[in-house]
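Only one structure is covered here, and it is reproduced in the block below.
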Amino acid sequence: MPETTAAPVAGTATPTDPMIALRGLTKAFDGQDRPAVDHLDLDVPRGEIVVLVGPSGCGKTTTLKMINRIIEPTSGEVFIDGQPTSARPAHELRRDLGYVIQQVGLFPHKTIAQNIATVPRLLGWDRDRIRARTAELLERVDLEPELASRYPSELSGGQRQRVGVARALAADPPVLLMDEPYGAVDPLVRGRLQDQLLELQRELGKTIVFVTHDIDEAIKLGDRIAILNVGGVLEQYAPPAEILREPANDFVRSFLGAERALKQLSLQAVGDAELVRGPVVAADESATAARSVAQAEGVDWVGVLDGERLRGWLWTDDLEDGRRVGDHATRDFRVMVDHATSLRGALDAIVTSRNQVAVVVDDDRYRGMLFIEDVARRLTLSGGGRANRRATPAVSEDRA
Amino acid sequence: MGAAEDGAVRQLAGDTLTWLTDPGRWDVTSVAGIPFRTLQHLGVSVSAILLACVLAVPLALHLAHRRRAEALASSVVNIGRAIPSFGLIVLFWLLATRTGWVGTQFWPLVLALTALALPPVFTNTYTAVREVDAATVEAARGMGYTEAQVLRRIELPLASPVILAGIRIAFVQVVATTAIGAIVTNGGGLGRYVVDGFARGVAGRPTVLAGALLLATLTLLADGAFGLVERLLLPDGVRDDARRADVANRVGAAG
Amino acid sequence: MTGVLAQARPLLEWDWVGRNGELLWELTRQHLYFTGMAVGIGLAISLALSVVALRWRATLTPILGFGSVLYTIPSLALFALLLPVLGIGDALAITALVTYTILILVRNIVAGIDGVPREVIEAADGMGYRPARRFLEIELPLAMPVVVAGLRIASVTVIGLVTVTALIGRGGLGALILRGFRTLPPFPTMIVVGTLLSVVLAITVDLLLLGVERALTPWARRKTAP
């Protein structure tokens, strides 16, 4: 891990310099025999999302809070952009660091607009600039402008969390610190908020330190993941794919859990996977041509293409000679997934629909087919030849 | 402070001490003596608080158990606070002189004090029962307790720290307010000294000060004594709740 | 006997009330003046004590204990005890009344500030608030409902107690009650009107403060979270 050993060099900010550097960071709380964080070295590269993850008591939240000095370190130093954080008053430092916490902590007595305007107001921006910025941020986090004059108690949990992010971004800080921000919302909303954060990050390119206890969230969001053990010991610090492929030790392996292979699937989009064209024929082909395509693929059904759109499928037994394929009635594919979906998402969709194949599309455009066997092959990593494609797009009952 | 003033204060302190240590004042047979006035004071106060408890506690228990009259319970204590104790005592005395149903000395004062004690006793009792953990009550019902048993064996014991805290506040308030009765009647116990002393102007100041000291001592002792009674009365399991309830409910109405 | 004499007059003589509007107004004004001074001074002292108690937690119990003793001492005794120091006058009345507000106000201010959610404080710190501004801009407004609740209790309590200061020659409406009692034969109208006006005053002030609280805490009324 070369990142953790490079010393920060002030004044020579090249893109490879870490935005945040922790050096020998230690926190020992009174009355505890073990430090919560023990001599932690960590570099957070510019513009990346680094996720601190680990079991409770691993010091991940303590570490985060030492960055903005909500908790003062016992020893060690935090550098932001090469400057030690201890060099300036804590309240000034914090105005440059966006901060999002699990319970959001919106001010109940201030409207949404006033909440978002908090840091700009502390920084003394003028009213027009604050108003413009507030409106921009509401839009950025997909909240209707009407919400600006509401109070936090009038919003849903997911909306409040988005306001929390908007508030943290208000003064356009280069760094965002997020302490289990989605820990208290339900899984469906959490997924949406995670997607939104990734989208925001593509536009804004902030340096984000994100704390969670959920390894799946870490894998989904992190450019890098720091896995911490009890007492603030850094067990592994690497991109998620590397951690999944080569866990550094037994602790990491057990923390990743038994589904390590499955988790790896979540890192790859379907569109990037090796897709097959599958048994598909154009609508104006003859029935005979369609039968030979199915035969060549080793299946007893064909998909029907209308230009670039996949219309549906039918059994080869139902093909009538002398008619074009497009003149037959077709059945709908059960599983259609977007090319940006992760392999794990596609697998979930295939399995929960009790099916064996997913159609991959890009908007309406047909991109190819993903067979459950292909996914399975990736899981076993055996790479043993081409998968058997006897699978059908229908559940077994359909044949009866 | 000037030397003359200093001397005056010292003189007053000396006179007050002389007043307090005069053996005649501690004569148990004297109607104007401290023992008699103390007993008279406590007699009025205890009668009033007992009467208030008899009237308010069963009613509050019943209503709270049935979850009735919630608005009444929350507003009655505020209304009670708004009534000036001095005005109420004079009014009760006035009514007594006009109807002639009761004498003008003991009962008007006791009844006025009872009326002042009712709101805090009622509201605290009501709130105490309502704050009993609903799961505990449900568990009791689930095990086959009758409604009367739920109230007597579950709600009452668990609510008792808060109920007693409420009665304690009311009692201390009554003891303090009893003194005001001295303005109106021959009752009023230790308040007598203060009121009579005031009436005599500067000459009465040692009496005023001595009376005030006795009065403050009696009130603080009454508060402390009630604390001991609380401890004796409370079931073991809820004794710890008593202190908390006391601190939380301290403010009833001042006298 | 007084009983026989008292029967001569009805409980409430409206024509007397009509003729004495100016007196009643003057006494009510005096009553409000004592109340306002006592609660105002009490609030200032209580705020200072609360800041101390919040900053140094260990002082909270002694401060509340002190307030509790002050609160327990009968008003009559308190007037008497303060008399040698302050002499007869407004200062004596107001000082005595102030002592009854301390316990109520300190308790409510501390409870109000303590009731501010932890995460709100953390968020404020995390965004770079300094302690003084955080107290004024975040903690105090959020504590407002509880603080105003304390102010309401304190005001209503003091309004009732002002009547007792009649004994030392003040008393606002209490003076009227005392006069009605001391007149021979007793004059019921004064007693009834004095008491009723005191109650009306207490309820009016209570409602006014409730209105102030509502106006100051618009966020507390709109609660339609899905």
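Each chain carries a letter (A, B and C) given by its place in the written order, and its residues are counted from 1.
In the analysis below, contacts are C-beta pairs under 8 Å (C-beta built on N, C-alpha and C of every residue); 3 or more make two chains touch, one makes a residue touch a chain.
Only a predicted model underlies this, so the values are computations on that prediction, with no experimental measurement involved.
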A-C compared against B-C, more contacting pairs: B-C
By mean Cα position, the chain sitting nearest the middle: C
Distance from the mean Cα position of subunit B to that of subunit A, given in whole angstrom: 66
Intercentroid distance (Cα basis), subunit C paired with subunit A, Å: 58
Subunit B-subunit C separation of Cα centroids, rounded to whole Å: 20
Touching residues (chain side subunit A, partner subunit C) in the complex: 68, 70, 90-95, 97, 99, 101-110, 118-119, 122, 150-156, 164, 167-168, 177
Subunit A partner contacts - residues on subunit C that touch it in the complex: 117-130, 138, 141-142, 217-219, 222-226
Residues of subunit C defined as touching subunit B within the complex: 2-3, 6-7, 64, 68-69, 71-81, 83-84, 100, 103-104, 107, 153, 156-157, 159-164, 166-168, 173-174, 177-178, 180-181, 186, 188, 191-192, 194-195, 198-199, 202-203, 206
Partner subunit C, residues of subunit B touching it in the complex: 9, 12, 78, 81-88, 90-91, 93-94, 97-98, 100, 104, 172, 175-177, 179-180, 182-184, 191, 194-195, 197-198, 205, 208-209, 211-213, 215-216, 219-220, 223, 247, 250-251, 253-255
